[in-house]
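Look for chain A in each of the two complexes below; its partner is chain B in the first and chain C in the second.
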Partner chain A sequence: MGATMDGPIHVPQDGDAEALDYTKAAPPEEPVTPPGRWVKENLFSSTSNTIQTVIFGGLLLVLLRFVLNLVFSEENNWAAVATNVRLLMSYNYPAEQYVRIWFTVGALAAAAGLSMAAWQLHPRISVRRIGVNLLGTGGVLIVMGILTPGATPSSIRIGMLVIGAALLVIGAGLLFGTEDPHLKHVSFTAVLLTISGLIIAFLWLFPLGKYLFIDGEAIQEDGTVSATTKGPWTVTILILLASLFVGRAIGKAIGGTRPLRLAMGVWWVIGPAFLIFLVLRDPEFDWDYVLKVDLPLALAFGLGGGALLYALTKPTFADQARAVGAVLMGFAIFNWVAAFFGWYAMLQKVRFSFLALALFALAAPTFAGEKSARLRFAGMWLGLVAVGHWLITGINTPSTLDITAPPFLGGFVLTVSIAYYVMLASFPLGILLALARTSRMPIFRVLSTIYIEFVRGIPLITVLFFFSIMLNLFLPNGMAVSELAAVFTGYTVFSAAYMAENIRGGLQSVRKGQYEASDALGLTGVQRTGLIVLPQALRVSIPNLVGQAIATFKETSLIAIVGGFDLLRIADKTIPAQTAFIGQKRVGLLFICVVYWAFSYSMSRASRNLEVKLGVGQAR
Partner chain B sequence: MTTTNSMTDVHNGLTDELRARNDIIECRGVDKWFGDFQALRGVDLLVKDREVMVVLGPSGSGKSTLIRCINRLEVHQGGDIIVDGVELTNDLRNIDKIRSEVGMVFQQFNLFPHLTVLDNITLAPIWVRKKAKKEAEQKAHELLERVGIPEQANKFPGQLSGGQQQRVAIARSLAMEPRVMLFDEPTSALDPEMISEVLDVMKDLANGGMTMICVTHEMGFAREVADRIVFMEDGRVVEIGTPNQFFTDPKSDRTKLFLSQIL
Partner chain C sequence: MTRRGTTNRWRRAAGAVAALALIAGACGGDDDDDVATDEPAEADEPADADEPADADEPSDEPADAEEPSDEEPVDTTQGGSILDTVIDRGTLNCGVSGAAVAFSVTEADGSVTGIDADYCRAVAAAVLGDATAVTFTALTAAERFTAVQTGDVDVLMRNSTWTQSRDTDVGMDFGPTTYYDGQQLMAREADGFSPSSEVAEIDGAVVCTNAGTTTETNITELAGQLGIAITLQTFEDYDQVVDAFLAGTCDVITTDGSGLVGRKAVQQPEGENWVIFPATPISKEPLGPVYAQNDSQWADVVNWTVYATFIADELGITSADVDAALAGDFGPEAQRLMGGEGELQTVMGLSADAFYNVISQVGNYQEIWDANLTPVGLDREGSANAQWTDGGLIYAPPAR
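After this line comes the complex of A and B, so read on.
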């Protein structure tokens, strides 16, 4: 030990210059300890340590054996899962329209690749870490191969042992065959390429078997996964890689990733809505109506509103902007009141447009400035109108899809969609609630506190029942909401309360001096909050917010109870009812456990990376 | 007004030259309470255009409170404060106007840790003064040059030394092109070797004709740069005079006691 134990000095990597972090990089890794010494130091360093190792090691083995028994039990028919993968993924989406699902997956892969490039997510991974991970995985596989119950097909058992041994050898080779493996780094790109290659090879070469469902008959054939599965997935992986390289090339070409970050930020807010409502639903536009009503409306709001906002963002027009905003806001609210009492009819999107325009007008003084700033603000409005009107039209237009048993969203797609949009909607709501709760205005404080404490005191399932069953009873005639929208509202209402509490914690961590400095510079309250306080508060809240995102993701399984066809419902009710797989509950449940776990775990890993990158929790 | 201030004449220490200038800040009988505790007791103060005024006094005497009232980080309950002809009332428009005319530098720097040095400086000119980004950035680079750290523009505050941070804070205030700068013990949180770099910037500012009110414990700075020195105790202005009068011929016993303790 001694001097050799001192870690090497961390040299910032190339990408760091533009990174978001305003503090130190991650601490350096330690060199490799020889395996014999590691075992001695960590497992058998003293008598009590030895006893603990034996007891807990034994417990671990018993647990592993138990899980393996569950997985490889003779009663299990894993064909129930393999045959129903499509059902679990997208429920009863019509097979002849599957290209839409693949398009969606491909678009998300492209966006993911571009985002990785935009946010420069290319952590360097040390050879040491790769080696340790391979060693660990190999070891676990070998232990599993030994512990598998007798009923396990011998091919699986031998496969585990062989692959485990191979991983052990490679891992050991990397760890002990390389000089200073903790100092050598493999680029993220190389790791990504390797993993992608392995997945593609697995898809095309591994004899997993083909599983087909024809007229309620489950048919199994030997061979690799069917071409309709492995083809699209291969393309998807290639799209992901290609878009990563394209994104990096764009970044180089324009000398910075800022515009790409902005574009991808916007995409992640509206892109999925575009996919859900325009691609997966395939609305059947009545082009005559679109040209006669929708387009003129959008143009009127876009151009008229844009011109108005351009005028109002003149720095000397702050008073006028506030007045216009107030009048518009009054009018917008009145429109909803009128709708409630049925005084006059108005397209829903016109109501929304007036509300949005009022908010923009009220924000105009904050965004006032010279010409380019004003044009940007008007342009933002134009973009919002274009996207908003398009989406609302798409949502309200009947779908061409002929789905025998609605809803058109189900399975994993439903789970992810709900979780995603609940997070997205409850985030701004949570921010507003948190700000209200910490506001100086007693009325806001009281209202927000009542909301948060009330919602937090009610079980989620109750909120969901309330919204799915009761919401329509309380709404006036003609304003009925669909089951899905009701469930979505219920989740959002629930999640926002927790979100607010997490963000409030972040708000409290912002020092008083930050407020004083903002005030002394003459920032308005809105600017102070948006530019200074919130960015710092949210950074601190990231770990909690991700924790909540994971919770929300898992809690979506409750929609099974109020009638949604999500993963849980399919595994628990639909599959066991199929004639081919009567009573096959366990395999489905085990499978969705793995799906939920894999997603939650990757989210928490991603959040760890983000925290390191943003320097959360480090000294300033 | 109360009689407590009868021993202080706000015109003390005014040379004829200063006397001829405009008043930038006028405080008349300012009272400030924190709950039951009165932190300012009828403070009278006149600050002339391009004057450098140093505020001295023992801890808790109300120095910070006084200058924080001047840009309304604290609200005073009695008397009047008039800055550049604008009276400080609850009218938000007046407050915004005064805050963009009056810069403030804090003991703890209070830079925005999530923004680069450049963004720290350009933020207010862009969002408050509605300047174009390019113009604001150019000005920011000039200011960084002026405070002696042109090469730090793209760093984050956490990557700078205390002295550098405080100089960025000064540049950030100057970017708003204020008429008056307020300093609340700008060097008290700094290691000794960094104090002079900040004081040099302040001297430079003073020589450039900036109106300044500085709360500081740096007697050398006070002696060298101040036009007048104000001595406060228990929320009152006890004595006002030129540095020469103040250090060599203090009138009140409390000033004498204070000087004997620090010199």
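After this line comes the complex of A and C, so read on.
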């Protein structure tokens, strides 16, 4: 997004050092009350308050006891989950190819570290906050240790009590041993290093037990988790830390993080696709064909199209550009009609490229301007061709993976991949739909309204069924998409409609004065929307958008119904069918509950932090 | 003012279109393949015909990706047999359940086991000489037959009952039954039931089963015929049925015998004895391979692969004895079956050692049974699945 927001007039953007000034003047800190007084004031201030505290505290304990009973019940066979962790995480990805999964995880960790450096994520964490968190966690662990049912292994109970007590002591020490704990801060780096160290120590020292697979038989052994688990995770954590420091060093060396932010922004859009289709899927390229056909095609479209677009964006060529765009568009549409009727053969890639080129040509007059802006526009096209052609080639090349049962994505990997790309794709689509719906042009408004209301009126599962069964019937002869791609498309279509309504809410919150002011500044429509209206609208929409993202993540479990092997289907159908765990559903379902919760809660927390940083909900 | 407004509108429209272009391009990249049309002869793109990636399933089904694009995935009416497709592709696409105890199970390491999975391997061994050259597709009950008809799978081994309507209606054929199942009932011995109990004895009992299945219909019809009163409770899911039985909500549960035995073996609590009755099941559920209709070459291959495991079992040829059988130690029929003489296999379009590979790599019927059904407590002896020489129904035409 950063690249497109550059305009001739400098408008402060989020993340710009000077633009953040207003957030630096943070709201006054809330007055700190000592814990004793806080308890008295908030929990036992009056008789009715005390009664409520006791009743609901009791209910909370009963609930906790119920949950612990569920988790540590004698009927539960946690081996069902422990043995099947591999299945739950990556389904049937071949074990000898696991290095690909670890490479993916490592690449994501490196990108995360660099991004943390790029966006200068180093929140100031007060000693008080750490102390309170430790006290809270310690307290909960001790209560859990006391409440666990008798069947719980004593090692777990004692472990809970000991760790809980240790946390309590450390937390109390921090809270009461430090003077003015709310004013003292610990650096983010230190906290991160400590947590990483603890995770690594846990992996290498805690006797969780391990499973070996010999001829398909799972054999349990005592000791710490197997080296093939703890080794890669340790390396991953180290990569994360290292890339964080490298990123910071780069930022220092080039005197600013803007280039790094741009690079990471682009990476997060195309990087995961690279990881999925080229690393995880491992296509076996026919290099001869790639060199003879794919590469020349990409070059011809990239360079030829780039040159054409560069010429068309010359300010004096606006009329010619429209004419060329219209002709190209006509040709592209004819091309697709021809594809449906099978009039003549052509690589679908070429048809796509013509369509995209036509759209770019139509848009060219809008991007007319300085030489650098024109070059950037041509560059955008070049980038699109490079990424698009490479992705299509990669997807079409047969995979070399020796997989006993497709698809190659399954389990948690599938859930995350689908959720991530659905969110990513439906976001711009949602913005467009929202803009169209609030547009003054009737045709856009009507079309967008019809789309949104139609899609919102259909259950998601219907959309998924429709796309997984029907999509291929709508495609031209000889062209087909896989089940997963169909599901992804359907889900994106669905999600975009909701996204659009969330963003429309934000758009409506932008005052009319903002429009008038930008008109008064002489901004064009695109500049006004991109630089003035959308940033404000999106900022307001953050809570809703994150709500949508969480819903998207959770609803990926519906993929199970259209044939994907996501977490739910594995826990609900696959594991209970194994001879050793016939009918064992409960533990699997409990486990995926925890996974879903942990991720949703993290997203929720991240959005809270973002809201605080952007000052959402505060009067400005 | 008006003029300016108009330009603005134009520009906004153009901007929106540009952004659409980006999306369209990106989406295209994500989902689609650059497949040529189906008329390579008229192609003006010379490379179309030998384009390596004209996939029907571009991203997920690597095996399919090698299929030539100038044909429908499976074209059984215009000459091409699935057999040729499978040999060209180098792997067999086999539809299984992936979640049926002892029939097809996805193990913790991602491998697929079970009697159905083993018959997939047997077909792959016969056609391709390699029992591991199978791509399993896990299908739900709802999508299994469509997958056969559309050619997504070459053969379906998904504990599917062979019925008249399925065989005649929906464009597919059934192969020889690999497992004779039948609906039975299970109750506690403490409630006065024994393996020799009759269905009439469940008068007044609470009977539980899955909702909307034929088992539900069968037991209701039978109760009506016998004039007994039962309280039928149905559950969405078989696991819930068993949980209800364990909790004592149900006196009797009913489903296919294989499902009952499996649960009894694993979930019967200590001190309780569950009994399965009546000895003759109340329904016939022959389970076997399913393949597309009107492809008799492929049908022969699948059928005779199954028969080969039956014959090997009948003649006592195990995976360890294949070389002896080939040498003639088990008689001339065994020798012919192993490809020692004659051209029994080659006329089918298979290599002479096709069934040698099946038996050596997968095993005979008894070996497949021992590997998959014995661990869940299913006994072959005395059941309908015994050899015909032992009074069962497992019977293969002679190999000559």
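Quick notes on this structure:
To be clear about the criterion, the second predicted complex is superposed on the first by the 570 of 620 C-alpha atoms of A that agree within 3 Å, B and C clash if a C-alpha of one lies under 4 Å from a C-alpha of the other, contacts with A are read in each partner's own complex, and residues count from 1 in each chain.
As a convention for this text, a contact is a pair of C-beta atoms (placed from the backbone, for glycine too) under 8 Å apart; a residue touches a chain by one contact, two chains touch by 3 or more.
Quick caveat, the model's predicted, so the values are computed rather than measured.
Taking chain A as the reference, the larger set of touched residues comes from C, when chain B and chain C are compared.
In the superposition on chain A, contact of A:539 is made with chain B only, not with chain C.
In the superposition on chain A, A:474 makes contact with neither chain B nor chain C. In the overlay built on the shared chain, the residue A:574 is in contact with chain C alone; chain B does not reach it. In the overlay built on the shared chain, the residue A:520 is in contact with chain B alone; chain C does not reach it. In the superposition on chain A, A:273 makes contact with chain C only, while chain B stays out of contact range.
When the two structures are aligned on the shared chain, A:439 is found in touch with chain C, with no touch to chain B.
Shared contact residues of chain A, touching chain B in one structure and chain C in the other: 366, 524. Interface of chain C with chain A (complex): residues 8-9, 11-40, 42-45, 47-48, 50-63, 65-66, 69, 96-102, 105-113, 134-140, 143, 239, 242-243, 262-263, 266-267, 375-376. Those residues of chain B that touch chain A in the complex are listed here as 71, 73, 96, 99-100, 102-104, 106, 108, 110-114, 123-124, 126-128, 130-133, 156-159, 169, 172-173, 176. Taken in their complex, chain A has these residues touching chain C: 83-84, 86-87, 91-95, 211, 213, 216, 218, 273, 277, 281, 286, 289, 292-293, 339, 342, 344-350, 352, 355-356, 358-360, 362-363, 365-367, 384, 387-389, 391-393, 395-401, 403-409, 421, 425, 428-429, 431-432, 435-436, 439-441, 444, 475-486, 488-489, 492, 524-526, 529, 563, 565, 573-574, 576-579, 582-583, 585. Put simply, chain A touches chain B in their complex at residues 22-23, 315, 366, 368-370, 372-373, 511, 513-514, 516-517, 519-524, 527, 531-532, 535-536, 539, 619-620.
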